[in-house]
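Chain nomenclature is as follows: A, B, C and D, assigned in order of appearance, with residue numbering initiated at 1 for each chain independently.
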Amino acid sequence: MTGTTPKKTTPTHVSKKEFEELFRAVCNWGRWGNDDERGTLNYIQPEHIRRGAGLVRSGRSVSMAVPINQVAGPDNPRPATHYMVQGFDIHSDRGEPQFSADYFASEFHGDCHTHLDALCHIFWRGKMYNGFDADQVTSHGANRCAIDLLRGGIVGRGVLLDIPKLRGVRWLEDDDGILPSDLDAAEKEHGVRVEEGDILLVRNGRALKRRVKGPWNVREGCAGLEASCLGWLYERRVAALGGDGHNDLAPSPYKLSMAPIHLGAIAMIGIHLIDNADLEELAETCKRAGRYHFMFTMAPLVLQRGTASPVNPLAIF
Amino acid sequence: MTGTTPKKTTPTHVSKKEFEELFRAVCNWGRWGNDDERGTLNYIQPEHIRRGAGLVRSGRSVSMAVPINQVAGPDNPRPATHYMVQGFDIHSDRGEPQFSADYFASEFHGDCHTHLDALCHIFWRGKMYNGFDADQVTSHGANRCAIDLLRGGIVGRGVLLDIPKLRGVRWLEDDDGILPSDLDAAEKEHGVRVEEGDILLVRNGRALKRRVKGPWNVREGCAGLEASCLGWLYERRVAALGGDGHNDLAPSPYKLSMAPIHLGAIAMIGIHLIDNADLEELAETCKRAGRYHFMFTMAPLVLQRGTASPVNPLAIF
Amino acid sequence: MTGTTPKKTTPTHVSKKEFEELFRAVCNWGRWGNDDERGTLNYIQPEHIRRGAGLVRSGRSVSMAVPINQVAGPDNPRPATHYMVQGFDIHSDRGEPQFSADYFASEFHGDCHTHLDALCHIFWRGKMYNGFDADQVTSHGANRCAIDLLRGGIVGRGVLLDIPKLRGVRWLEDDDGILPSDLDAAEKEHGVRVEEGDILLVRNGRALKRRVKGPWNVREGCAGLEASCLGWLYERRVAALGGDGHNDLAPSPYKLSMAPIHLGAIAMIGIHLIDNADLEELAETCKRAGRYHFMFTMAPLVLQRGTASPVNPLAIF
Amino acid sequence: MTGTTPKKTTPTHVSKKEFEELFRAVCNWGRWGNDDERGTLNYIQPEHIRRGAGLVRSGRSVSMAVPINQVAGPDNPRPATHYMVQGFDIHSDRGEPQFSADYFASEFHGDCHTHLDALCHIFWRGKMYNGFDADQVTSHGANRCAIDLLRGGIVGRGVLLDIPKLRGVRWLEDDDGILPSDLDAAEKEHGVRVEEGDILLVRNGRALKRRVKGPWNVREGCAGLEASCLGWLYERRVAALGGDGHNDLAPSPYKLSMAPIHLGAIAMIGIHLIDNADLEELAETCKRAGRYHFMFTMAPLVLQRGTASPVNPLAIF
């Protein structure tokens, strides 16, 4: 499939100064004005949406969402709840129609559910993206950079980089870090190039491994992007990033941050992140279709002042 | 705007036999096989998705979702809840990053939140769509026709019929029923025709009226489709139907059903319904664009055995 | 019933200095040591519990709790939720037994549900009772003065002061403030004296008025204790205080505090408060029994780091 | 401590007929009239409450509740949730007071939380206690035998039978069944006799074992009462029963019922059950006090149509 040698991440011993430089180098604060709360979504222009729509050929849509999970487990310590409000046993007073209804509750951040992080989710030294104060997030939610700003959804061109395919494995091992050179190599292997305004999905195969091996505590180990990818994401001007893990390699090899991709992408570059996607069907479809770009659409719930939303992103071929 | 005279619905005095005939005439049970759980979504073929994508020209996406509403009111007796799991006050043990997270809960059927009804939501004499037994829905959810069957979303061509525009009013009055002749007239006025596999949105202006006048109990009065529209929906082979009210005229002029559109569309024809959309921005956009058809995408949460999902449907122009 | 003239509270125009003096005069910070988190519950000694038990004669227990309320209304904007986890429709795999189960959720502070406020509920200038910092309460709950410290319950002698009975009315009007002289007069009328370590219940008749007149927004008006009662509560060394309203007169006649009884009793004196009790059956029972003291027991749920618990306090005669 | 030999339960091979006879022999249906919904609580007469109060001597109250548990685990697959509604970060519009508040949700049946089962919790062949139809329990809760009938609480004399003490062990092993002869022997060892109207607590030591060994799946193994104890409970006329496990020995040695104590005690005898208590402090207190009877009080939340309530039962010495 590829000549790329699977790599283990070398724990990176960087000074505090070097580490901070990593973040400062990708800082987009002020780039779109001092009031901007959309970050790199600003890269998506009408032409990107048209370009995405132009990729619809076979008329097939593919979900990237895992099912809402009510079973507690190592990657789901606070399972979602789903109760029936009423069921078939209730007769309405007029006899017809009878109906069923339900109730759903979830703490959708976490290690299990496909969700979209808002830019208010992460703080760097008391500041969120664009320098807004962290105390804009209170018990009542976020006054800045909340998820409801994305009411109109994220629509455009999606690109999948399938790292296990690149490496000729079914899934990445838990200590496999993904480096910028992997992203470059995957582009080459797939015949695609990530461009300004694209929604980038990076597969590590977690969803497949989870189906085969069962759930595990991804905080203790999960393949993901190495912090050195931040520069790549910044320079390529990706509009949004998603992955089947937490996007971050876990545990972090850096003492200074447990999640440098979250920190750098969300708080510095201004990239909204999709965590815990299921990219298996997408990878199969790309492989069969022989192309790794497609129309992408995703519409978060309009949760005012929310820091995230559960989502079901679609790739349309 | 139009010469159409606003109409009040004439309370329809029909015999039980005539009323039942209304439903039997639109029954799609068995049409796509005895195991079918997708109903009229079967009308959406790859060509419909391609056709939808072909309508993306200006590269603008428009949301049809109302914000999740935490304030109790006459149309929101069981408000959603949204709590912070953690906020800026929590320092992670490694110092960086700090993050915020939240919890969301909702009984998303009801009169307020934009949601997509699954085909298991409504029963006709102990049966749901395609004749599945109502007791397939238990305290643990629906074994048949649940919302997670729509994991791949609904994508295709959307068409808006803007009835207040047709009648030259800002919004319909609460006792205004929408008749098949209104749908025909709106098509003519808009220069569009609802065709097989389309996702149809019918505006009555409720969201605008709500913003201007405040919320009211829509169970006691809300404009909507008259039961006689069932035949129209059936014949035109719409794939899905949405409205800014409950789609049904309320209260029902029929003693035999409090919601004949829900009953007929969901249980008999097999049409998934979007209730409580906000079609104001869509109507403005259609008017400005001079066209009432557009690409439509919507992806419900993958809520296993659920009877509905909160959704944020998008129109892409 | 009594010669006491019903009184309207005179809006009190006090200087900021005088108002602050009110709180400083009743400050118990440090009284039971710098680590104390129990406040006036320290007054309850074994002899008080024995004394309470000694009042059990007729062997009848009376609840002071309102039912958990799932219906939104002016005093219940965030109604509790109660869903069935399973019902009679579910057959266990062994056939027997079948069982039913449920789920319950509540934001139990507020204007409707009978609950016990922990001492971490109220802050005075960034401090809670005994001078603990307010930032001991975070998104994850309270590290100090939380409700689970009362795991062993509150048991002792309860005393009811029935102010409507004193004034010869069914219930107090919404702008009726209760003054120290009312408490003294009620003691005299009832033939009881509030002593150190007693649990004091003060009735204003709200639960009866609510049943007769329907719910109203008690934030806009509800009878309660005037701030001048703080000195009385402090001097009499009551161990806990409960009422059928919010204990506080609402709205507050003071610009400097919307709830001076909550502020003074909880944060300064260290008194746990029971809000929104139903004291009707208790008042009837006291009247019939001809005595206004009884055994009192209440056991909050052991909600770690919680700021309150829903409770069902009992009076045992 | 005692000469009693620890026993393993002999798996009981009984015919279906013999097994059913076990239940029929303890059936109290109709005993207190055809409308009775209180079951053996009818045994508690005023004299029992007075007798309970008469046992208060040292003035100490002891909780039997485990803390509400938010951590998923083998005995807590659906952990409770607790979120802050507001915290110290929120300033009221008048500046003072600031306050904190929270939200709590729980599915309180299950293997972890101390709760009181209502008589509507268990069905025997489509019937609950006293022959009420199981379909009186719907998606909207129980119309018969619901927990809110116990608004006035359960107050009386409590008796602890400490089986590990009897057997000279710290806790019972998971396959240890408790037989009627154990109950008799414990009475003798403790110098107490269970009488009509008593609230009986039977300790197996689970809470201590859990603290020492960690949580385990109690469905797969937990000490408890053998089904043959049903006759004993019936004859002794206990008013309520509680235990630190599920009261039932698990797994059930009977093919015909996974929980014969639940089935027999609740549905046939009409005994309300307290599951998952923590009886450690109670056992210590009884041992030190040299007596195994005490005043008992417990007041469930007034959850209308509920099948149970979380509780914090108190023993007062």
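Going forward, a residue touches a chain if its C-beta (ideal position, glycine included) is under 8 Å from a C-beta of that chain, and two chains touch if they have at least 3 such contacts.
Owing to the predicted nature of the structure, the values given are computational and were not obtained by experimental measurement.
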item: Pair of chains joined by more contacts [C-beta pairs], B-C or B-D; value: B-C
item: Type of chain A:chain D copy interface by residue overlap (half), same or different; value: same
item: Distance between chain centroids, defined by C-alpha means - chain A, chain B (Å); value: 29
item: Averaged-CA centre spacing for the pair chain C and chain B, given as whole angstrom; value: 46
item: Multi-chain contact sites of chain D, meaning residues that touch two or more partners; value: 70, 81, 84-85, 87-89, 103, 105, 107, 135, 138-140
item: Arrangement of touching chains [line / ring / star / complete / other]; value: complete
item: Chain C partner contacts - residues on chain B that touch it in the complex; value: 70-73, 76-79, 81, 84-87, 89-90, 105, 107, 135, 138-140
item: Residue numbers on chain A that touch chain C, as the complex places them; value: 81, 83-85, 87-89, 103, 105, 139
item: Residues on chain D engaged by chain C in the complex (per definition of touch); value: 45-50, 52-54, 56-63, 65-68, 70, 81-82, 84-85, 87-88, 92, 94-110, 120-126, 134-135, 137-142, 148, 151-153, 155, 255-259, 262-263, 267, 295, 297-308, 310-314, 316
